[in-house]
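Note that subunit A is present in both complexes that follow, paired respectively with subunit B and with subunit C.
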Partner chain A sequence: MAVEQAGLGTPDDLSDEEREAVETLLYRLADDELVLGERYTEWQVRAPTLESDLALANIAQDEFGHARLWYDLLQDFGADEADLIYERDPADFRHSTLVELPFEEGDWADAIVRSYLYDVAEDVRLEALAGTSYPRIADRVGKVRSEEEYHQEHAQNWLERLADDEEGRARLQEAIDRLLPYALTLFEGDEIDARIDDLGIRTESLDSMREQWFDIALPFCRSLGLDTPEGIREDPKSFLPEQVGRDGDHTDDWRDLHDEMTHTYRELGRTEAHKIMPDPDETDE
Partner chain B sequence: MIWEVFRQEEAGKYHTHCGNVHAPDREMAKLFAQIQHGRRKPTNSLWVVPKEEIGEVDTDDAAFGGTTDKSYRWVMGYKDLDAAFAQEIADSESEQEAADRQKQAQRGDD
Partner chain C sequence: MSGEREDSRMDIEQVKERAGPREFSPKDDLPEDYRKAATRMIQFHANSEIMGAYLEKPFIRQAPSLDRKLAFSAKVQDEIGHGQLLYRAAESLGVKSRDQMLDELAAGEGKFLNCFHYPMENWAEVPMIAFFVDGAAMRRQATLKRTSWEPYAHAMDKVCFEEGFHVKHGEDIMRELATGSKKEQEMLQDAFETWWPRIIQFFGPTNEKSTHHDFSADVGLKTMTNDELRNAFLNAYIPKARKYGLELPDTPRIRDNDDGTYEVVEEDLDWDEFFTVAKNEYEPGKGQINTRAAAQDAVEWVRNSLDDWESKGGATTPQAAD
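Here is the complex of A and B:
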């Protein structure tokens, strides 16, 4: 008797419905990481100190690395890197609108609050993927998680220090008021999410992940003397911004960012992505 | 505030000074040091030390090694010894010879 492959098995084993569920989840993961990394790089040579500059640049590199791991799994289904990033219509990107917003001019608190809200959500999301039924994802979760720990620690340490004086706290409060609604879009989905849950590709639903995120982020913000909106837990949907991103509806800022991100590719008349590193499947790193 | 950073490549080896970071406190210094000094070279452990906590004594304050002949402190003082039986002794001897040449040259400069 043949040994049954664990869970959903290899990419070739997937039915059309299973594949659609896996792809939906991977696009969100990969696009979130890519676009956030792209935004972070705007701080390069502009962060408050050399040290904070390098730390955020390093975090951006980590996010690109994670995006690459997830895009690589999408390549199992035939797309290549250029299709996934440079040739893809900006309206087909599925990232949350939290990661595409431009930073308020020179506002380090914006970068830190955004990073914190995202990194906590990312931790919750990876936790929900640790027991995934899709082995290709399971193999990569650990690698991503160990780097995300630093990100969260970095954001948390900065939050504590900025909250320590009045001006810093005021800036954090403004950033929270502005960004919290956008952070909620990280937990938005569509009709495919029920299937993602049923197939065990993720072991927690979006609603339960949002609850976990509230449990961590809201008390922490309050412990720093920062206010979070009344009723956001009870009725998160009513706080959602106009564009949630997950459905392909993005802010105009995303079009600009996408344009900038693909500028060199277009200008050089490229038709494929330049590769300088081996395929993630061929390395142990 | 400046924190001096010391890197250890592998367990059991010395922590060696490798540079510094600016950080408001120890926790942030450890966080920044990871990126600035532990990212590209093999690293097992990092120490961060407040610069002002470091005590220094230099050639203005001290004549290192003394000023009279104390060559008995050196392995080369025991030239008749057959160093071949232990590689460490041979290594140490050549290290000290090199250090001695350097010292002579330094004196020559003065």
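Here is the complex of A and C:
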């Protein structure tokens, strides 16, 4: 998997500007996966069947595992896990607001629609990273991609089943109406994105990735008899929700979630997050 | 197993005669008493997996590191998987379907382990379940590899294998707390004092007070008595508790036989509470049953939608990738 060209080289080789670009991208990746995994676990012991419970728990664990891989790359720059998760100000997290929204009890349609919208975007994003100029990311994209493939398949299967009956379709429609604007935040960025593109850390721009995502997700939803809003392609910015997350502006639900996540760490007065598994660099194939 | 083959149906005496490890399978035409007793036992076990997972789930989120979160999430998932496996083993007796058993659990009629009727409030309580209760469960489950209902014994092979990792992880969480700050050590001791009597009661009342034991032992479903299991647990786990600096509370009194074995003074334990718990009438447990039931009720529409899909000849339900 290692990239042929020297590219940006090792963490130590990076200039300040390069490093800032790499970090910006990694924070979004890691935070998205962690927070989505956190939300998915809400379905453990609550999913409709034991089988669906196990399947979503698997997916949640994959997301945590991916978060771990991406946070590990951020640790190359000196931060430790406590800095990155447990002691970081919730306003410094850079995940999209799509992944932080809580689930209403019983709203399995939300879990499925959210998963689908996210997984398609994740696939597009990882494809744009397959040819990254930063070798540390390139080394890990393959593993993450192979697992994400199953996630998308899982979401698609469920969408097809639920869309097949009236109540299921109505619930999916509600979820799409509510979540689609939040999903657009996955493609939001800031002034550093131009540099990310120029440095080849990613081979597609956010705008181009959003187009690819529309190309896949919109026709699929429509093929199931689900409506997507008029004009969303032409003017996506006008559909964005109040909080986009990527800029650190989050919903109140995120503060509550972060508070719960860090509760034990604070209650015990911990100052570090203990490792119990081998470093990802030592388990690479 | 069908009523049409009356002549081939074994009677209880024949069952007792043949009873031995993994002796009976769905190929045998077993009498109703056996099938009911085995169903009751396996259903209890399956329910316990689900309610244990229910209790532990919040600590996936509250785990104090990402590694712990991953390991703990995998554990909760394993417990659900064990529930799935055990309901299947119970179903194979032809007495109740899985849906029936899950409905009974939601309705407060399904019985499960005493320990899972109590609330868990902080991380220091995690090893009380993940080390002591799971350790106790391991002892019992290991003996069930020799139970006479083969599908149950077979499920135990996988369950025991995975449970071995859980107990190790639980022990590691305990070690971390026991070697942590003074506050962590104090929280651990408090949790231990709260949970210790319940953990001892895990094995149920003494043999004389246990209603189901004799029959289950005679037909080979159980291979050890409550007392034997409890004593074996005490012998193994009292030294472990001490190793981590935990002090046994004054009650229940524990008799040290000075030969490496221990016994508990049974009348020091609150058996009224135990039997209230056993009837699903203990308050925190009731709340836990009902909250789970409400969550399951809220996704009833999904199950209906799936039934619909399957009856229309759709492909099978999405499965876990394993």
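Here is the rule we go by: the second predicted complex is superposed on the first by the 279 of 285 C-alpha atoms of A that agree within 3 Å, B and C clash if a C-alpha of one lies under 4 Å from a C-alpha of the other, contacts with A are read in each partner's own complex, and residues count from 1 in each chain.
The rule is short, and it goes like this: a contact is a pair of C-beta atoms (placed from the backbone, for glycine too) under 8 Å apart; a residue touches a chain by one contact, two chains touch by 3 or more.
Computed from a prediction, not measured in an experiment: that's the story for all the values here.
> One more residue to check, A:Gln75. First (subunit B), second (subunit C), both or neither?
neither
> Would you sort A:Arg171 into first (subunit B), second (subunit C), both or neither based on which partner it touches?
In the superposed model, A:Arg171 contacts subunit C only, not subunit B.
> Of the partners subunit B and subunit C, which touch A:Thr251 in the superposed model: first, second, both, neither?
After superposition on chain A, A:Thr251 lies in contact with neither partner.
> Name the contact category of A:Thr228: first (subunit B only), second (subunit C only), both, or neither.
neither
> For A:Ser133, decide between first (touching subunit B), second (touching subunit C), both and neither.
neither
> Counting residues of subunit A in contact, which comes out ahead: subunit B or subunit C?
Answer, by number of touched residues of subunit A: C.
> Check whether A:Tyr150 is in contact with subunit B, with subunit C, with both or with neither, and answer first, second, both or neither.
both
> Using the superposition on chain A described above, determine whether A:Ala60 touches subunit B (first), subunit C (second), both, or neither.
Touch partner of A:Ala60: subunit C, not subunit B.
> State whether A:Ser208 touches subunit B only (first), subunit C only (second), both chains, or neither.
neither
> Which parts of subunit A are touched by subunit B and by subunit C alike?
49-52, 54-55, 58, 150, 154, 157, 161
> In their complex, what parts of subunit B are in touch with subunit A?
21-24, 27-28, 31-32, 34-36, 39
> Under the touch definition given earlier, write down the residues of subunit C that touch subunit A in their complex.
That would be residues 50, 53-54, 57, 59-71, 73-74, 76-77, 80-81, 83-84, 87, 122-123, 172, 176-177, 180-181, 183-184, 187, 292, 294-299, 301-306, 308-309, 312, 314-315, 317-322 of subunit C.
> Hey, which residues of subunit A end up touching subunit C in the complex?
Result: residues 34, 38, 41, 44-55, 57-58, 60-61, 64-65, 67-68, 71, 81, 85-86, 105-106, 108, 150, 154, 157-158, 161-162, 164-165, 167-168, 171, 260-261, 263-265, 267-270, 273-277 of subunit A touch subunit C.
> Within the complex, which stretch of subunit A touches subunit B?
49-52, 54-55, 58, 150, 153-154, 157, 161
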